[in-house]
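The structures come next, written out as structure tokens.
In what follows, chain A forms one complex with chain B and a second complex with chain C.
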Partner chain A sequence: MASVVLIFRGSPDLRLRRIYYPFFLPAFLLLLFFSVYSLLGVIVLSFDQIDLRRPDVRGFSALNYLRLMRDGRFWNAIKVSFLWLLATTSGSMSIGLAIALFLFRRFPVAEPLVSVFLVLPATLSRVGVALIWKLIYRTFGILNYFLSLLGLELVSFLTEPKLAFISVTIVDIWQWSFLVSFLCLSLLNSIPPNYIEEAMVEGASRWEVHRFISLPMISRGLLSVFFMKLVESLRTFDLVYNLTQGGPGITTETLDLYAFYQGVTIGGEISYAASMSVVMLIFTLVVLTILWRYLWRKKEEE
Partner chain B sequence: MTRVFSRRTGATPFSLVGLLLILSVVLFPIFWVVLTSFQREVDTIQWPPRLLFTPTLINYRKILAIGLVSGLKNSLVVACITTAITFLLGSPFAYLIARHSFRYRENIRFWILTLRVMPPIVVIVPFIFLWFKLGLLDTYLALVVTYLTFSLPLFVWLSVECFRSIPEEVEEAAFLEGCSLGRVFVNISIPLALPGLISVLFFTFIFIWNEFFFAFALTSQLQTLPLVVAAQAQSVYAVPWGTTSAFTVILSIPPVVLLSSLVRFLAKYFIIS
Partner chain C sequence: MKGKVIVLVVVLLLFWYLVGAALAEVTLVVATEDRPLQKVITKYTPEFEKMKGIRVRYVYYPSAELRSKVRLDAALGTGEFNVVYLTEANIPEHAHAGWIVPIREYYPEEYDFEDFIPAVVNILSYNGIPMAAPLSAETTWLAYRRDLFEEEGVAVPVTLDEYIEVCKKFYRPPNMYGGVVRGDRGHGYNVWRWSQFFAACGGKYMENGEWVFGQYINEAIKATEYYLEVIKTSPPGGERFSYLDAWNAFNAGLVATFICATPKYAVTEDPERSAVAGKVGYAPPPYETVPVASGAAHGYAISSVGCKTEELRKLAGEFIAWATSKEMESRRIIEGGEPLSCARKNTFQLKEFAERIPVEHVRALADTLAITRLVVPPIPQWPEIGDNLGIILEEIFTGARTDIRASLEEAEAFAQKVLKRE
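Here is the complex of A and B:
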């Protein structure tokens, strides 16, 4: 009986079946439409001259990009964004990894509970995190109180031009480094225990085990964590807007914020904002492709 | 020699101090905002900051009058509708990717990944343009459809893992009994994958619940909770910290409540395999 069914239905091996369109098409078409629309849309818009304040001006040209080249505020935004990516990614990766290496195999019983606390900041909304830290950072706030106990003067963390960027960066590092440590910890725990135990039989110290065994074994996973943190760091708007709105001046104005101000809230220069989005798009795609290729190559090597 | 890494040895004083330090850095800011939310406005501006005060619920009562109800309603409506549609459209799609081998499957997976990680600023302008032209700015519809383009890739990426964890033999047996793909999917695959799928749905829900950027760009009257909360702290005058903290606490309750089921998926979300 079974074989008759086989003949009529084809192979029962699910992997060999043909694609089943009623399952596939609704989600596929929706995503296809919006991704093609938004990607083509942003490119087309970036060559247009749409300005909500001057509805009569239209015309396709590369003017927006020429304008970008001469726009000092754009270059400032690029600089801030770049520093932001560098600081938050390297900061949360190194702190997170250090915490993970510290916790690894130290609290076998309490680890599940500790994990819950470690992921807590990353699950909160960025708006919430921004407000929590705005409360802590305010002039007559708790952080200044702690500093005054050490004999330091009151500091305006978010309005002092030299400090604002660092203060905002610290908030992002606070939100993500514990998640990174949780991820690193789960990577470390996936190493077969006998690798580590054999090394210790040989008399290796905790540091040597990490240096020569655990870290090389989780390198691919680490790269993937790094990649995801990088991608998360590209979304700066929620946090920075709610902490400083890009200020004081433009010291914390990332490309997100500048494009948003130009195109959406204050400026209304939709096309100009779109050209900044395209810059962001190109950057993201380049990073993504490099990392994806690298991850694949590493996978094939293993 | 197994001293350093033994699974049996208890914690040393050094490691305990380290753990306490880590946990206090995580928890202190959250503790502080919860504390402030129970202070009267006059207590929040004391110097030195007060640890001892008469706790009050006045802030929670106040925020009821200044937008909590409408913010909660909008957030819940948008998040629930989006999550439901994401499940309806996303789970069959994820099932196909998990179980069927077809041409371009890996390309589709990469495409899903790029959609998932695309920074919102890249696509915001065309979306504003589209909803503006259709006259749909500031509607649930615009918000839900926009969120779908982010929640679907997220949901598909994670739920593929859920479907892969079902033993294939069960499904094959049903096929041999003559069940159609649709029936197998609804009656067997979904129920078996349900525990994992529910966690993924929570994840999707929280993702939308927390979202600020698109809601900020696409709505003016129809404010979701993050917008209402953010508006508090953008006050031109001194920020009312009592009510702002109470708002922040309310905003953070869903992620905290669903935390234990999110923990499982964070590793899968961030580590590409």
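Here is the complex of A and C:
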């Protein structure tokens, strides 16, 4: 009875919050429990010696982390993951922004329809996208068909060690750059139109309008889109696994894929795989935190 | 009002009983691969279900995923699967870990286990104890375009050098290529086919129960060089061809020769699914020093983790016996489910078998079976060692590595590390 009375005391805002909290609190607590429990579980697992093929072998030690330092394949996976992050984020952002700037105020009537098509690739499942592009990249696939029409030699997109990484990043950029362009377009449309119209009346070119007015005004929003893409790019497993399985050799093997192979398919060494996950978590947190603080502080200063 | 309440209670009780009865029905869960012979088994499963009054549910996985799913299920103690489909590469691993039980203990006598070909039973045994009942047996032979060979007066190659010459002769891109192999990494993929070349060059993984791969590095190098020569005459992308890619290229008439496994014979000879049906000849695979054909066997085993009670193990045993019985194998042969995958002696005596397979193909099969043996090591560590070797081989085939000796020595060092760990 007292708690019911409490709901009706205080300011309207406070009263509303008191009503809302009980509704989302159970789901929030459940999510918190599973995420914290999983996280702690992975950390504890990483200090054990659990091997699926030898269930009797256990032991608490930091040997897994020492082993990681000497594991060349682990360092290769770190390098590939870092390059992946760099390539897919910068690729998606630059292409997405370029498309948005091109489309901005160019087809006002058709823009809603165009926006729908921009979002479509991102709604496809990663596995579906990987399988479609695997067919496109095949030796006798459609891409090589067009190359042969131009009199060019057939290309092994997913087999050539130097080309495979580029081919896989193109798939990710294709899938996400259109969503990035949709988000950028929405940001551009949020700019009060009078700023742009005044600039155009004064004779500014389209590029000058974007450079001096549009882009500075949406820079904070762009930062958020950038971080969204950065975090999304950390999820590489389903795309890479279905396209190349990390091959040829280990040229496209990202850290999550290597951890999967070590823990699940090849080695059964789930503790060792867990240590890789912990390293990846620390690396991600550190990098993202530094990047966020640096870029956000720069924005604040501007 | 009282009447309505009584009716409602009765209906609810009836519903509860029916649901309970449905849930209480025993369901046997089988983890398996979706291949033609499995389709025939699935088709006739209602017959077994009616016989035993139980349900059988199949869970299908592609080959690579099946191995890891079955391993995880057993290692983590989940026990979702009662019956598991295993290959010769996984039997030692599962038997060593105690994840499967000896099959003879639960295989009813009336299904005649003795009728299985002894060599096939040996492949699916661990320390001399049969651990799975054979579903299919296969060997490796050379499939070649008989029409092209006859047209150009080319003899069927016997040695690997002759084979490479034939591959180079028929390398006429973009419409014809000489040979094609598996390049995709994995102990069941490129390593499987490469091991055929390795054994044909005199190489061995094990000798008298001891790991000896390091002593046969020269043979491994030779095998790799031969393999690379074949890849050079393959269609573009052949360095990472999966078995399916290689097989499709051959069936599409793009490749003149293909060292392949016998189960795919039915599709190659099916005019509706192959452009080369009726044009293919078969012969034992070429060799350098040792005539050998790598053999394999796949079968069903009883999961000790999935079948914790004796009753469930007996039921699983009965299912396996029914699925691998003489009658079911003859159905698989007649209904096109891989006619050359037979694992029973009885099948070779069937009239339908003789009618389906041309005599020259039977002769080639007999010649190949005479030199068939398991060339990969029957040890629990093989999947891990083999997968690592597969990655290294893939890097060699794609040109990411050029020093073959150093690469194979690295594979040997990894193998030693894994073996010492046990």
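Worth pointing out:
We take it that the second predicted complex is superposed on the first by the 262 of 302 C-alpha atoms of A that agree within 3 Å, B and C clash if a C-alpha of one lies under 4 Å from a C-alpha of the other, contacts with A are read in each partner's own complex, and residues count from 1 in each chain.
The working rule: contacts are C-beta pairs under 8 Å (C-beta built on N, C-alpha and C of every residue); 3 or more make two chains touch, one makes a residue touch a chain.
Just so it is clear, the model here is predicted, and its values are computed rather than measured.
In the superposed model, A:116 lies in contact with chain B only, and not with chain C.
Once the two complexes are overlaid on the shared chain, A:158 sits against chain C while remaining clear of chain B. Ranked by how many residues of chain A each touches, chain B and chain C are led by B.
When the two complexes are overlaid on their common chain A, residue A:53 makes contact with chain C while staying clear of chain B. When the two structures are aligned on the shared chain, A:166 is found in touch with neither chain B nor chain C. Touch criterion met: A:34 reaches chain B, while chain C stays clear of it.
In the overlay built on the shared chain, the residue A:237 is in contact with chain B alone; chain C does not reach it. Within the superposed three-chain model, A:249 lies in touch with chain C and out of touch with chain B [touch as defined at top]. Of the two partner chains placed by superposition, chain B and chain C are both touched by A:264. Comparing the two complexes, residues 138, 140, 148, 245, 264 of chain A contact chain B in one case and chain C in the other.
Of all residues in chain A, those touching chain C in their complex are 52-55, 138-140, 144, 148, 153-156, 158-161, 245, 247-251, 261, 264-268. Within the complex, the chain C residues that touch chain A are 64, 67-68, 71-72, 75-76, 93, 97, 174, 183-185, 235-237, 239-240, 380, 383-384, 387-388, 391-392, 394-395, 397-401, 422. For chain A in complex with chain B, the touching residues are 2, 5, 9, 12-20, 22-24, 26-28, 30-31, 34-35, 37-39, 41-42, 45, 50, 99, 102-103, 105-108, 110, 114-128, 130-136, 138, 140-142, 145, 148, 174, 178-179, 182-183, 186-187, 196-197, 200-201, 203, 205-206, 209, 221, 224-225, 227-229, 231, 234-235, 237-238, 241-242, 245, 255-256, 259-260, 263-264, 270, 273-274, 276-278, 280-281, 284-285, 288, 292, 295.
Taken together, the chain B residues at the contact with chain A in this complex read 1-2, 4-7, 11, 15, 18-19, 22-23, 25-27, 29-30, 32-33, 36, 45, 47-49, 89-90, 92-93, 95-96, 99-102, 108, 110-115, 117-130, 145, 148-149, 152-153, 156, 168, 171-172, 175-176, 178, 181-182, 185, 206, 209-213, 217, 226, 229-230, 232-234, 239, 241, 244-245, 247-248, 251-252, 255-256, 258-260, 262-263, 266-267, 269-273.
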